[in-house]
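Mind looking over this structure? Questions follow.
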Amino acid sequence: MQIGMIGLGRMGSNMVRRLIRGGHQCVVYNRHPGAVKALHSEGAVGTNSLDDFVARLTKPRAIWMMVPATVVDEVLAQLVPLLEAGDIVIDGGNSYYRDDIRRAAELQQHGLHYVDAGTSGGVAGLERGYCLMMGGEKDTVQHLDPIFATLAPGLGTATPTPGRDKPAATADQGYLHCGQHGAGHFVKMVHNGIEYGLMAAYAEGLNILHNANVGKRSHDSDAETAPMRNPEFYQYDLDLPEIAEVWRRGSVVASWLLDLTAAALVEDADLTGFSGRVSDSGEGRWTALAAIDEGVPTPVINAALFERFASRGDADYANRILSAMRKQFGGHDEKKGER
Amino acid sequence: MQIGMIGLGRMGSNMVRRLIRGGHQCVVYNRHPGAVKALHSEGAVGTNSLDDFVARLTKPRAIWMMVPATVVDEVLAQLVPLLEAGDIVIDGGNSYYRDDIRRAAELQQHGLHYVDAGTSGGVAGLERGYCLMMGGEKDTVQHLDPIFATLAPGLGTATPTPGRDKPAATADQGYLHCGQHGAGHFVKMVHNGIEYGLMAAYAEGLNILHNANVGKRSHDSDAETAPMRNPEFYQYDLDLPEIAEVWRRGSVVASWLLDLTAAALVEDADLTGFSGRVSDSGEGRWTALAAIDEGVPTPVINAALFERFASRGDADYANRILSAMRKQFGGHDEKKGER
Amino acid sequence: MQIGMIGLGRMGSNMVRRLIRGGHQCVVYNRHPGAVKALHSEGAVGTNSLDDFVARLTKPRAIWMMVPATVVDEVLAQLVPLLEAGDIVIDGGNSYYRDDIRRAAELQQHGLHYVDAGTSGGVAGLERGYCLMMGGEKDTVQHLDPIFATLAPGLGTATPTPGRDKPAATADQGYLHCGQHGAGHFVKMVHNGIEYGLMAAYAEGLNILHNANVGKRSHDSDAETAPMRNPEFYQYDLDLPEIAEVWRRGSVVASWLLDLTAAALVEDADLTGFSGRVSDSGEGRWTALAAIDEGVPTPVINAALFERFASRGDADYANRILSAMRKQFGGHDEKKGER
Amino acid sequence: MQIGMIGLGRMGSNMVRRLIRGGHQCVVYNRHPGAVKALHSEGAVGTNSLDDFVARLTKPRAIWMMVPATVVDEVLAQLVPLLEAGDIVIDGGNSYYRDDIRRAAELQQHGLHYVDAGTSGGVAGLERGYCLMMGGEKDTVQHLDPIFATLAPGLGTATPTPGRDKPAATADQGYLHCGQHGAGHFVKMVHNGIEYGLMAAYAEGLNILHNANVGKRSHDSDAETAPMRNPEFYQYDLDLPEIAEVWRRGSVVASWLLDLTAAALVEDADLTGFSGRVSDSGEGRWTALAAIDEGVPTPVINAALFERFASRGDADYANRILSAMRKQFGGHDEKKGER
């Protein structure tokens, strides 16, 4: 079927490519024309303005926005006046699900349909397919089924789940209508919260392995420093790329994130190209907020979120307070470090 | 080659089966004879006593112990007097790596070789293969290579890691000599610590999804209870088995643990068959101890460990103290609940 | 000066008593007349209706609401129509600071002044005084200074802070104008978040002491249970009431919360009168939300909040998922416990 | 009575001063003679060698060691050969309680008595007194009672605990015989673990207040950065020294640590003199290890410990792994920061 795509960054462009390969007609628009040109040469219908973009689409139009969450409202403000009742707008980015609920109501006043489509897959999605989580009206989601089916990885990309007997379920293809407006991004939000926890679990474990030779290093020994009691138990020089690789087969911790970690460690076992300032792009925070609203304890997900905050220096004032307290009660001066 | 197996529980029995399928000769012994008989009928050489077991093995003997960590010393006390210089003992269970270091030294005094072999794979290992992490002398580990190669999943069970170019590496097969004595169980220990974190991340996230309809429930509203401010944002009745299924394809959180979770949710989405008392069998604790010894922050892994402690009621006294404090300063009586 | 008090629960009644002792005229109203009668007999002007209450107050009226956060809007809806421009409404309860901002704006449209007054002190406040944190217009707060000065503990209730040289500062008396509307409840909110962390630190530490004799208990030893490696190091039967008492003098952990804990332990060292379901009344959650919004890591405060959630059973579904996963990969059945 | 003191650092010197004031005879020794000279001029009996030190003491000798935990064994190796059966050695430093158990047994073989005396109070102890927690034989501890009574703060330094009726209890004076060997340092260890949690609670809360104006700052807005949704709620420029001061009177969070924090903030509200590298001197780690051994969840104490680890850069490798993973799955480059 025909689909319009607004936003041709890493994600949007690859999704268009996958849709073209799947036989769909893609009309594309991007604020910066370079990406339009590139996809035009690959078979998409390129457009230079939103007016042109909308004009090229057959009614009822189906328009997929793949833009940063912070500019969705701006795009909608320009787009909605150009649309007609019955048209469909899909937000495939990482919007906060509460915005979906608001936007769906706003668009409904114009007779427009809104679908939130949480999209996971990253840069690998072009080949692996995208995992899609949708919220919105059942009919609208159903109407877009050919698009979702093409973007999704498909049945054969995972082994069947034992005991499962749902022949018609789209989840087995890698896409799912999760519920009413916002449900897609809600599920995607929690997905990302889980992702934070998973990533942190690997990172922490590898950090322990990385320091398994700490007993070999000489240590300060004074009233301010916890002595190493058992250096003989920390004498291992471990080969982290090999360990990440071996866990990929047969172990309980095998996962796609581990596959990626193994690939990163092959490039540079010490990861010297990274400084360790870890960004967070919203979903982790929103997951944490949801847990608190629900009264659900999520210590692991929160710990993972806070590690990211702290990696960017946001604990520094708190740490200075700790040092100031220690100075007050114990007369302890801060120890100097390389940091 | 020939291998002796002591301990024919879930893990040991299946490992014998996989070794028999791989063409190895397996001599087996178990405290309870039922498992010996079963494996005998599948092609293993069954024995009724440790003496008999040792007598059936060709020198230098290779003996794999697959017994609970707490009985390893007891088994060794019986076994070692029966062995001869040059024999090899492998501990494939979940021993603490510090015990490996001690045992290797003790066995060395008898001219015996010791290998610690961290083994991951669980009940699925028979078909999927076992991920193996070894510590010990290089020559001894090398000598046992045919056994490890058969137990391990093998090259084709994961996609090649991009950029990786180590044709001779066993890690690509699913087994690895990690370092000196204890290194295997050290790596396996951290593997399990990561596993705790991964499991908790999924469990917490699914718990948020499970409560995504909390806004529909009526809520107490008094000075003791945080009111629900935005019930309109928690109106989703989500289908958790479908969500676990859809994440299995193309998403960033795809993993074997997620595959298992999807299978468990298919059986019973509410998991009413479980009470939520979660055991921990040592490695999680030891991982946490190692992190503290190394001075490495592992908030996620620790949070996961503590969730298990708390699930068994071990926070109860602390919680009663909190209630007692609240009573003291605010005159707050505890609210009654169904718990 | 004259002040009106709406809400004569534990907090409101005692505040009226302290104000009467301080020579102020208190006009009081409560939904249930019993509390009005009691305070009338102690010198307050009792009223039977909001109309009567408002009529008895001299203009510009100063009205202090001490009601649950969830009914503030309801009280205001009844009260505001009875007031006149220039009157002042103070919210001394535990309102969310965002509601203060909204309410201040709403009241301003009627020419009314609004002050949020975070109030700490609990049932002991009658004797100890109340710590007060105010948000609102400077002139209004200044106008109410005699009330705050009487409610607050006063200068002599703490030792002077070394190096501090602010003769006119009200903070030294125990009350503070923190900033614009909402600032008082914001500071009080974070105060309570800190309180959660402090309480949890004591509770966890005392729990460790409570279990210092765990090495004396017999332990299961199987593949599902982490064995106790060093029971000889956990043989202490500690006297917790005495320990709490000794820490009250000269130690780094001395505090009012510790004083209360010591009192609670004197009553019952095992705290058998409590079940350990710990309520949370909003401020802890809001503190956690603020930290996430600000991008500030607060692992301790969050852990304390989540301990409360978990104490009420809100981790149960997550725990059942963990047990279900363990069953899937390891065939582990849940161990039964007394819980 | 007479007491010998080895180790005249901040703690040891002030304890000698308090003992002299209390009418005790103090024989002192220190590796560096400067501190000996100073205390000699204040009334102590100065000595230049351990031999001289021991010779000046009346039998049965009572010798208090106030040296770093890491040199206790070294001091004992020199001291023990000079002592005679019946002499008493007290370790007032921050030794690990397991070392106490070992040392007590070793000294017992020489007929010597050993007491572990956990000592809290810091540089303020000279005036406030020291909170003392003892482990060892009942008779030995009883024998030293005059020393403990002088060092401790005394009855009047805290209000009586309601309901408490133990006229003979030393806990009311500020010292306590906690149990057998090691019990004193065990209780002191947990005391310090609690201290970590308390400190972190204040530090985190103050960090939230410190950033209460974050809505005023301009923010990046791109796919990599979580946008600030509600800047209007974070417009407060709070005066932290005044807030710390106001909480000192009447609030639930009043404590000695808060007093110290208020003093530190008076000196410099931004704490620019500190870098935020926070030391840990062992007890926090040991508390965490004890909790894990006991199976007691202590998420708050552990979070506090891990914040210190992270403040010293020990999370950096883990954070680089997170950035590397994000690069792999999302093509995300790390954002640069000032760090």
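In this document, chain identifiers A, B, C and D correspond to the written order of the chains, with residue numbering beginning at 1 in each.
Definition applied: a contact is a pair of C-beta atoms (placed from the backbone, for glycine too) under 8 Å apart; a residue touches a chain by one contact, two chains touch by 3 or more.
Just so you know, these numbers come straight off a predicted model, no measurement behind them.
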{"item": "Chain pair equivalent in interface to B-C, over half of contacts matched, among A-B, C-D or A-D", "value": "A-D"}
{"item": "Distance between the centres, which are taken as Cα means, of subunit D and subunit C, whole angstrom", "value": "28"}
{"item": "Chain centre separation (subunit A, subunit D; CA means) in Å", "value": "43"}
{"item": "Distance between the centres, which are taken as Cα means, of subunit C and subunit A, whole angstrom", "value": "38"}
{"item": "Subunit A residues counted as touching two or more neighbouring chains", "value": "122, 200, 202, 204, 207, 211, 226, 229, 252, 256-257, 263, 285, 293, 295-299, 303, 306-307, 310, 312, 314-315, 318, 329"}
{"item": "Category of the chain touch graph - line, ring, star, complete, other", "value": "complete"}
{"item": "Residues of subunit C touching subunit A in the complex", "value": "252, 285, 288-289, 292-293, 295-299, 302-303, 305-307, 309-310, 312, 314-315, 318, 329"}
{"item": "Interface residues, subunit C side, partner subunit D - complex", "value": "97-98, 101, 120-122, 125, 128-133, 152-154, 157-159, 161-164, 169-176, 178-180, 182-183, 186-187, 190-198, 200-202, 204-205, 207-209, 211-212, 214, 226, 228-230, 232-239, 241-243, 245-259, 262-263, 266-267, 287, 290-291, 293-304, 306-307"}
{"item": "Complex contacts: residues of subunit C adjacent to subunit B", "value": "9-10, 68-70, 93-94, 96, 122-124, 199-200, 202-204, 206-207, 210-211, 221-227, 229, 256-257, 260-261, 263-265, 271, 274-282, 284-285, 299, 303, 307-308, 310-332, 334-339"}
